[in-house]
Amino acid sequence: MQTHKAKRVEITIEKVMERRLTEALKGAGVTGWSVLPVLGGFGRSGQWSREGQISRGTGLVQVVCITHPDKLDGLLDAAFAVVEKHIGVVCVTDCDVVRAERF
Amino acid sequence: MLQLAADNLLSPIVLSFVLGLGAALARSDLSVPEAVAKGMSIYLLFAIGFKGGVSVSDHGIDVTLGATLVAGILLSFALPLVAFGMLRALSGMSRTDAAAVAGHYGSISIVTFVAASSVLSDAGIASEGYMVAVAAAMEAPAILSALWLISRGQGSADMGSDLWREILLNGSIVLLLGAFAIGAITGQDGLDKIASFIVNPFQGVLCLFLLDMGLIAGRGLREAGVLDRGAIGFGILMPLAGASAGLAAGLLLGLSTGGVMLLMVLSASASYIAVPAAMRVAVPQANPSIYLTLSLAITFPFNLTVGIPLYLAVAQTLTGG
Amino acid sequence: MLQLAADNLLSPIVLSFVLGLGAALARSDLSVPEAVAKGMSIYLLFAIGFKGGVSVSDHGIDVTLGATLVAGILLSFALPLVAFGMLRALSGMSRTDAAAVAGHYGSISIVTFVAASSVLSDAGIASEGYMVAVAAAMEAPAILSALWLISRGQGSADMGSDLWREILLNGSIVLLLGAFAIGAITGQDGLDKIASFIVNPFQGVLCLFLLDMGLIAGRGLREAGVLDRGAIGFGILMPLAGASAGLAAGLLLGLSTGGVMLLMVLSASASYIAVPAAMRVAVPQANPSIYLTLSLAITFPFNLTVGIPLYLAVAQTLTGG
Amino acid sequence: MLQLAADNLLSPIVLSFVLGLGAALARSDLSVPEAVAKGMSIYLLFAIGFKGGVSVSDHGIDVTLGATLVAGILLSFALPLVAFGMLRALSGMSRTDAAAVAGHYGSISIVTFVAASSVLSDAGIASEGYMVAVAAAMEAPAILSALWLISRGQGSADMGSDLWREILLNGSIVLLLGAFAIGAITGQDGLDKIASFIVNPFQGVLCLFLLDMGLIAGRGLREAGVLDRGAIGFGILMPLAGASAGLAAGLLLGLSTGGVMLLMVLSASASYIAVPAAMRVAVPQANPSIYLTLSLAITFPFNLTVGIPLYLAVAQTLTGG
Amino acid sequence: MQTHKAKRVEITIEKVMERRLTEALKGAGVTGWSVLPVLGGFGRSGQWSREGQISRGTGLVQVVCITHPDKLDGLLDAAFAVVEKHIGVVCVTDCDVVRAERF
Amino acid sequence: MQTHKAKRVEITIEKVMERRLTEALKGAGVTGWSVLPVLGGFGRSGQWSREGQISRGTGLVQVVCITHPDKLDGLLDAAFAVVEKHIGVVCVTDCDVVRAERF
């Protein structure tokens, strides 16, 4: 099957920042993204878990965005402006997609 | 007074909290699913708001309603300044962290309020129904004070244009005030229809919710290493300072015994819902472990076990109620 | 009649819906976790099914049961044709979208049914217990009509061999009919055992569920831009057309006042559970925003606020009940 | 006796289980969200533990409490040996799988216990409140026996230093014993405060929980191909063997009719919470489909439908109760 | 540690299509997959979120399937036959696995 | 934007083993990880789904760990010691990260 080169960007970020990040992604012209839940994790700011959480201030999500390689730089700039001061991880992988016209 | 304290400590709701606390400290895997905890919190907010509204519709709007709202807002603005001063004196934490913590103590903990209401209704002591609205009004002003404290220092707070809408329309405020309005509109008739949902099982749901709060507080305590000794002292002294301010305001306003006690509870309690979310957005450099641990693992248990009966005894003595 | 409308509009369940609607329109972050919403819907289906079954076991099987089932099935088959005609006349949407929407309006909304039942029981008006079974029977036939409308056009519908099993055994039909059977078998004895779970708190749970429906409808309304003016008009006229058909059928069948009203409600309401799922599988090219917005954000609120008291008033007038 | 069996089979809780079972076998997409199932299980454990504690606080600690605890622990140690022998005789499964299964049958199923308690309270038959503590005490010892059986063979069991803490502090034991303690401390006063939460709706919640158990058992049955005929026979004979052992112990201890029946139920039932988790950690090479299918899809339904009324009838006959 | 080349295929698809997709994967001879929840997203058909959803017709999941490179083409053909008319994204990444005999 | 080479390790494992795995990862010196829920899946030990599960013995999670390439071998050794006898999948992908000093 015919596939095309693309980039998969995975941004792990606090839930409270989700809307700000996705707005920034829209601004950078990406055509789509998906949000996945994160149950818990560990990083420089310690360990946390979602179980029984009632505070709106905690909890992470993962925003996955598959995009055309040409749009990657704009996307990273936009995302980084949001993530910069906040906890979170940005990770980019090469990937192949079908239906390239979508990205 | 001792009897009251013992009664409170040995009530199912406090013991449920203690059970959760113990389980978390012993590192049991007991846990309440996030969705269930959120569901119970929706239930509690809806029920407490609704009952407050019904009580307002029963007794009419008290002349002191407006004054109490204003007093609540002023307390919410002012208490962070007190807290900030205390923290800078007692603890070695950074200016930014101290300001973020201070914001939490100006705002309120709705579960502490709910637990106090349930102690009042057990004891058959009436209170002003509109205290629910006062609780909602006290959630946000403290955030402004915290941000002002931060911006006065070298730190910077990032108030995106959307943050205010988010704070003022956060789910718990909207639900509390909305249910209050529904209760006020539908009155006793409305309550009759849903009393067997929002009145009868209330204390039981509160038990399970406090079980979960205990689990969270216990997990927090295991990380209490982020707090220095001064910070821990603050977590116990500040509620007493807040309660004193609330007491003064309540007596000045001429509230009922129950009303004075609830205003003390609101002033003494620290937010763990609205304020942490705002701080994460606006002041990401402040360490969330510090303010969440203080609010959930020190002050909440203190208020639940010692504070509530103490505030009630003081309010009873000073109002002659 | 005006009194009835006001009573309905100012009931806790409608006001809870309005609260959710307002919160979503104001873009509050108030939300009900998916698992809790699903849990409440399981509760409501179980309770309404069970009570229907108990009522059948109490009053015996009415001679009109069979006839009413057949009437319901015929209505479910026929109403999509009416809806399709109306949509093609009123709105500019594509043939495929119109057919998909039409399928939703032949089928039923179980929450509208539940809300109507609760209005009836508040007003002390009896109804045939087997209407629950009629509701279940009306869920699926409309899907066939929609697919037929699509295949008549250039469009193609993809009925995998499994789709029928999925539709007929979808969770809400199985639960509703299963609980109905349990209620019918265990009768009043069974009800006594679990009444304090499925009867007493029912209206309260319905409030919280409608709060969530309000949130969903409000989010839908924010995207109502997908609907042209004709489509919006359809979302209000079609329930009236459906209710008229249901009324005619109910009078012909000689149902009780409550029964006539419930058949009107079933005919007037639009699916948002079974039919959307079937359409996503069989007609992916139809735009889900159109049918979900129409069903959830236009017709559901209309029926809940205006429709239910209107249908009840008409049923009372024409049956002399 | 036949009447009793029929009453049990036609009770809402058993029929709810059957509904779930049928829905899963028919491959309906009916499902209960994981969080809701966990929430209900927290509710049931809290309620049954609390009520047990209150009953102990009412009647004082029976002299036989200690003896019954010891008997329960011994049964939990011993029954896996019986089960292992039976399995090796009846079924062709591997030594490791047989030992893992055996561990499940020494331990207990708390939902079976809850269902049996609810049958007792329907029938107005009293039982020792501390049976809840006995249930908790019987959860873990069987795991030791299973691991010993495995290590005696060529297999190896991996008891990390943490596993014991995890087993003894697993959420359901902690919650059950914690709620028991709260009930014992707060007594009738505490119960009065939360009775409309933990007593009245209890049977209804149990219905929905058993609906979910039925769904799980039904999905299990669809994979029952992992079990040979001997294993299936074991799933029905072993509860009878266990119940006999429980009966003998109960009569020796001089328990009440209800107490004897509950000890039979505990001995007859098989774990599906604590033991599977321990086995996954310690004996990953044992096939979880085998032990989960046997416990959930064979023995649980057997006990719920046939076992409970049978054990009650036997206990009544032999204690003259 | 000894690792082996493999392919990680990530298919984001509507929940109602999940069973159809996994049946197709089985048909293509894959040895396993995992299904992850998706909380919300954005694409050509607009933005959606799982919160409070009661409609069975909405909601996405992510099916992740790690497979031997030789099986990739068959897998993509099978998956694409299901996904083709439906909304969804297919994304393939190179990866390394331990225990290659499993794939 | 300046990015740096890193490795993304994705380990699908039983929930009961989660804590043991993350302890092992800590031991291997990784600086962070995230845990994602898995709803269901299929593998050599059959098919399973999370819905309505009440048994603590079943259910998987996905532990995602982004790490410096130099730490990969230690990480895999540590992870494999835990996963070895248990069901589960380990999959490693090349990726690029911003803020390399974090890994």
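Letters A, B, C, D, E and F mark the chains in the order given here, with residues in each chain numbered from 1 onward.
We take it that a residue touches a chain if its C-beta (ideal position, glycine included) is under 8 Å from a C-beta of that chain, and two chains touch if they have at least 3 such contacts.
Small disclaimer: the values here were computed from a predicted structure and weren't measured.
Each step here moves to a touching chain, and the least such steps from chain B to chain F number 2. To fit its Cα atoms onto chain F, chain E must turn through 120 degrees, a value rounded to the nearest 5. With centres defined by CA atoms alone, the chain at the far end from chain D is A. Chain geometry summary: the mean Cα position of chain A and that of chain C are 38 Å apart. Multi-chain contact residues of chain A, defined as those touching 2 or more other chains: 36-37, 56, 93-94. Among all residues of chain B, those that touch two or more other chains are 29, 31-36, 38-39, 170-171, 196, 200-201.
Pairs of chains that satisfy the touch definition comprise A-B, A-E, A-F, B-C, B-D, C-D, C-E, D-F, E-F. Put simply, chain E touches chain F in their complex at residues 1, 3, 6, 8, 22, 26, 31-37, 61, 66, 93-99, 102.
Interface of chain C with chain E (complex): residues 31-34, 37-38, 41, 158, 160, 162, 170-171, 212-213, 215-216, 219, 223, 272-281, 284-285, 287-289, 292, 296. Interface of chain E with chain C (complex): residues 14, 16-17, 19-20, 45-46, 49-58, 85-87. Looking at the complex, you find that chain E touches chain A at residues 10, 12, 36-44, 60, 62, 73, 76-77, 80, 89-94.
Here chain B touches chain C in the complex through residues 33-36, 38-39, 42-43, 46, 50, 165-166, 169-171, 174-175, 178-179, 181-182, 185-186, 190, 193-194, 196-198, 200-201, going by the rule given at the top.
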